[in-house]
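Each of the two complexes below includes subunit A, the first together with subunit B, the second together with subunit C.
== the complex of A and B ==
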């Protein structure tokens, strides 16, 4: 057996010089320090994305993206297709864990100041992927065409309509008309399975190439402490195996969640039915949704909700641009202000999410 | 002397004036003297008995014998009132509580407001006045109490009074072409109409059901003959044991009807398709349906049941024994939702009343088998429902089986109809092929879903074990290689 495997390896090696790749990976090192654990969340996010792609393709075999058939096709997947329930539940749960993991990865990079020069592009591609991930969540939520998804999309797209200048046009573009209809479902389906994956793949390739090219970022303290030898571990096999270990633990968690808390389908969307009480968006939009609720109807001459959205857009843009305004970190100096801002953002998101959840 | 003459002439003038202004009703005196027919009618008028003179309606001065003065515009004489002026003259007093009190009247004073909300208060074709004036029903002169047999509104005269317009197809066409014009003829064939014709004033006339001044369209929810108000309207008389004592019929129909399936549907659920009293008894031609026509009456709604019954062996048997068809098993006013207990040969079960083990034995066997079949369908449906609930509780997707269970319930409903054929083969076909087959398929699907639930749990356990084992192996391997390299 071992001989046969060796022969296969040699056959491939003669053609693609596999040994070069192994040598390259063997020379790659990952810094070892007390914050090393955060490095794994990038890999976990990637793993969850791979699961999303895999389960998404399986769901596509049966899913029908029209208002007349979407709900029934999901019902069919859940009840008739072998392990259909599992695939759908894993797709739903891994989507949620993907967003969670991406947030954790993003905040860990932020607090480690890993966005500093020369990794500005890595940060920006990562942030854009996080935004696309939220887009995946929003567009995918409508696809089962159930009551909850229908009204949540209605509320969500109404909020988008409040964006100054382009909001109304954006809303109509998203909905494929004035209201949430079958046309909206077709669009969301298109975004979810074609446009977003294409954009995401491009960004992911850039992101991964940059990581390979630039290596793992080290904390500022490490760089300043150049006198002492920095502890490192080889990427292959040590870090790679640790990554696999993490992925397996996440896979276990996914399986437990999918079996014990399978995705529900609810009732088919009826555009003429009254909206059920307590419509809420997915948990990762809750903090924004809840914040907008606290804004009064009008602040001076500006509509409250519109002002809230302007503030969110501005805050998001500043967050995206952090490598460019946090010049201190790029110079290898400590910047407490960015830490306080980051801490505020984390507390704000957690508290508002909890408030939104219990309200 | 001259002064005395002046005083004398002044006294004469005053006396002559006083002579002319008497307390006598000069209108009546004068018109009676000319042999006026109206004066003759007025003699018997309720208003004449209360010294209400002609001027109350016609204006003028009734206390002077000078015709020029009495009927002068200066005295407010208007001649014969026209159009709505007629009713306005009546309501001047009849809507005035104080005025009516003066005459010790016990009449209500709300007739005007009642009639204004009634169907008769719509404008006439000319548009200049309303369709009805008070005089249309009560006459203009010679008005007497409605309790007086000479009143057109007296109970025995009322049907003919209403028929004057409502029996006139040409006239009614102008106002409501879709309204039938044969109510009077129908009424005369009804128990109420026949008794009324024979002089019984206690039986229902038009006003007892439709009201008098407050008559509304039957489609008006406030109408006394609006479908859901009909039982109450009928019960005004028919539930009054004292009032009905002379007629020797029961007075518990309303109580029975309102607690029966039809009454609950009509009165509690406001289902206007449910029958009211008139649906079975007729309205204007109200009469109890005959024994032989009961299935036809019930069959107007329960058409299939009636048709099946007519073709069944029971039809002949019931006719021979003079049994009222549907009523024999279902009762009349207190009809309850059909349950399995209606079928069977046990104690208190209907079939057993005629079919005994040694009497009509074939029917006895069939009834026993039918009951057994329907009971088994019930058990299977209940079991299927229990399993569906259990599967749903476990979070399994079972909507298709749940939907299918409706077919089994539908089959159960169908047995309620097919039973009227009293054909064991047809009954069996519905129960077994439509009911039991579906129920058993639902049971299978539900069981599969429940088993699937446990399979998922066990599958998860195995998967977690394998993944954890793999993770642990990797963990050990990492430790091994890092120990060697001394990380």
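== the complex of A and C ==
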């Protein structure tokens, strides 16, 4: 057996020089310091994405993307297909944990200032993937075609219609018409299973290649005392095994959540029924939704909601561009201002999410 | 002298080819993008031209209750009040597009999404709705209720 494996290895090695790859992996190191734990969250986010692709493909085998059949096909998955409830529940929970883990990863990178030169492109691709992740959440939410999803999509796309200049066009493009109908479901389905995964994969490849090429980012203090020996551990196998252990823990957590808190389906969407009480967006949109509630109907001559959206778009853009305005960090200097801005963002998001949750 | 001439001629030809190529590529991209963007724009659907619909018998709707009636492809809310009046309004909340309902306890038209309230003339009285609900005309012919647009 061992001889045969050795032969297969040699056969491949002769053609693609595997040894070079192994040598390359052996040279990769992960810096060890008191903030090392945050390095795991990128990997966990990747792991959750892989689970999403895997369970998503499984759901596609039974799901039917039309207004007449979508709800019934999910009912079928939940009640008739063996372990259908488990696959769907894992898909829903993994989606939530994916967003959470991506947010943790993003904030840890922000506070470590790992976006600084030369890793600007890694930051931008990461941020775009997070935005796509939110798009995955929004488009996937409608697919079961239940009451809550129907009205949440109505509200969500109506808010998008408030974006100045392009809002109305964008709303019609998203809805596939004036109203949320079966055409909207077809579009969201197309975004969710084809367009977004394709875009995400391209960004992910660039993101991962850059990390391999540039290595792990180190804290700024490490770079400053270059005379001293920096403690680090080899990526393979030391860090890799820790990564796998963390992934296993996450998989267990997912299983527990999916078994004890399986996804619900609710009632089928009926465009000619009143909206049910308790319409709320997914938790990761809640802080924006809650903030918009505090804006009065009109501020001077602009609609309050429109002003709120403009502010969010502007803040998001500044956040995306942080490697370019925080030039101090790129020069290896401490920048307290970015810390305060980051801290404000974290507190703002947490407080408004809680307020949105309890209201 | 001849050499300079031929060089100028060559440069002129190069410039010309550059413009031709840039123009060609631009045209090519436009020819690709135009059908693509047009395809993504949903086609205009002819709205079913409805001027009035039947909303069932008066015996089907209890006093102090409301129900949603399909008016073409839009929902309309029909309300039978405590003093036996029949009222109808556009059922789409003017705030964010949710469908409203009649709230008996409060005697108002209520939107569950963001707690918007309208009185029984359709006026927005509380919560986030920025505009009133458009009223419809209700006609009672014998037992049958008909709803039509106000012209």
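The criterion applied here is as follows: the second predicted complex is superposed on the first by the 345 of 359 C-alpha atoms of A that agree within 3 Å, B and C clash if a C-alpha of one lies under 4 Å from a C-alpha of the other, contacts with A are read in each partner's own complex, and residues count from 1 in each chain.
Following the convention adopted for this analysis, a residue touches a chain if its C-beta (ideal position, glycine included) is under 8 Å from a C-beta of that chain, and two chains touch if they have at least 3 such contacts.
Since the structure is predicted, the reported quantities are computational estimates derived from the model, not experimental observations.
Partners subunit B and subunit C, brought together by superposition on subunit A, fit side by side with no clash.
In the superposition on chain A, A:273 contacts subunit C only, with no contact to subunit B. In the superposition on chain A, A:85 contacts subunit B only, with no contact to subunit C.
By the document's definition of touching, of the two partners only subunit B reaches A:249; subunit C does not. Contacts of A:154 after superposition: subunit C is touched, whereas subunit B is not reached. For the combined model, the angle formed at the CA centre of subunit A by lines to the CA centres of subunit B and subunit C equals 40 degrees after rounding to the nearest 10. By the document's definition of touching, neither partner reaches A:186: not subunit B, not subunit C.
Contacts of A:218 after superposition: neither subunit B nor subunit C is touched. In the superposition on chain A, A:36 makes contact with neither subunit B nor subunit C.
In the superposed pair of complexes, A:176 makes contact with subunit C only, with no contact to subunit B.
Once the two complexes are overlaid on the shared chain, A:293 sits against subunit C while remaining clear of subunit B.
Least inter-chain distance for subunit B and subunit C in the combined superposition, rounded to the nearest angstrom, is 7, based on C-alpha atoms. Here subunit A touches subunit B in the complex through residues 32, 75, 78-79, 85-86, 233, 237-238, 241-242, 244-245, 248-249, 251-252, 255-256, 259, 262, 264-265, going by the rule given at the top. Taken together, the subunit B residues at the contact with subunit A in this complex read 395, 397-400, 456-457, 459-460, 463-464, 467-468, 470-471, 474-475, 477-478, 481-482, 487. Those residues of subunit A that touch subunit C in the shared complex are 151, 154-155, 158-159, 172-173, 175-177, 179-180, 183, 271-279, 293, 297-298, 303. Residues 40-42, 45, 68-70, 73, 75, 91, 93, 96-101, 111-114, 128, 130 of subunit C touch subunit A in their complex.
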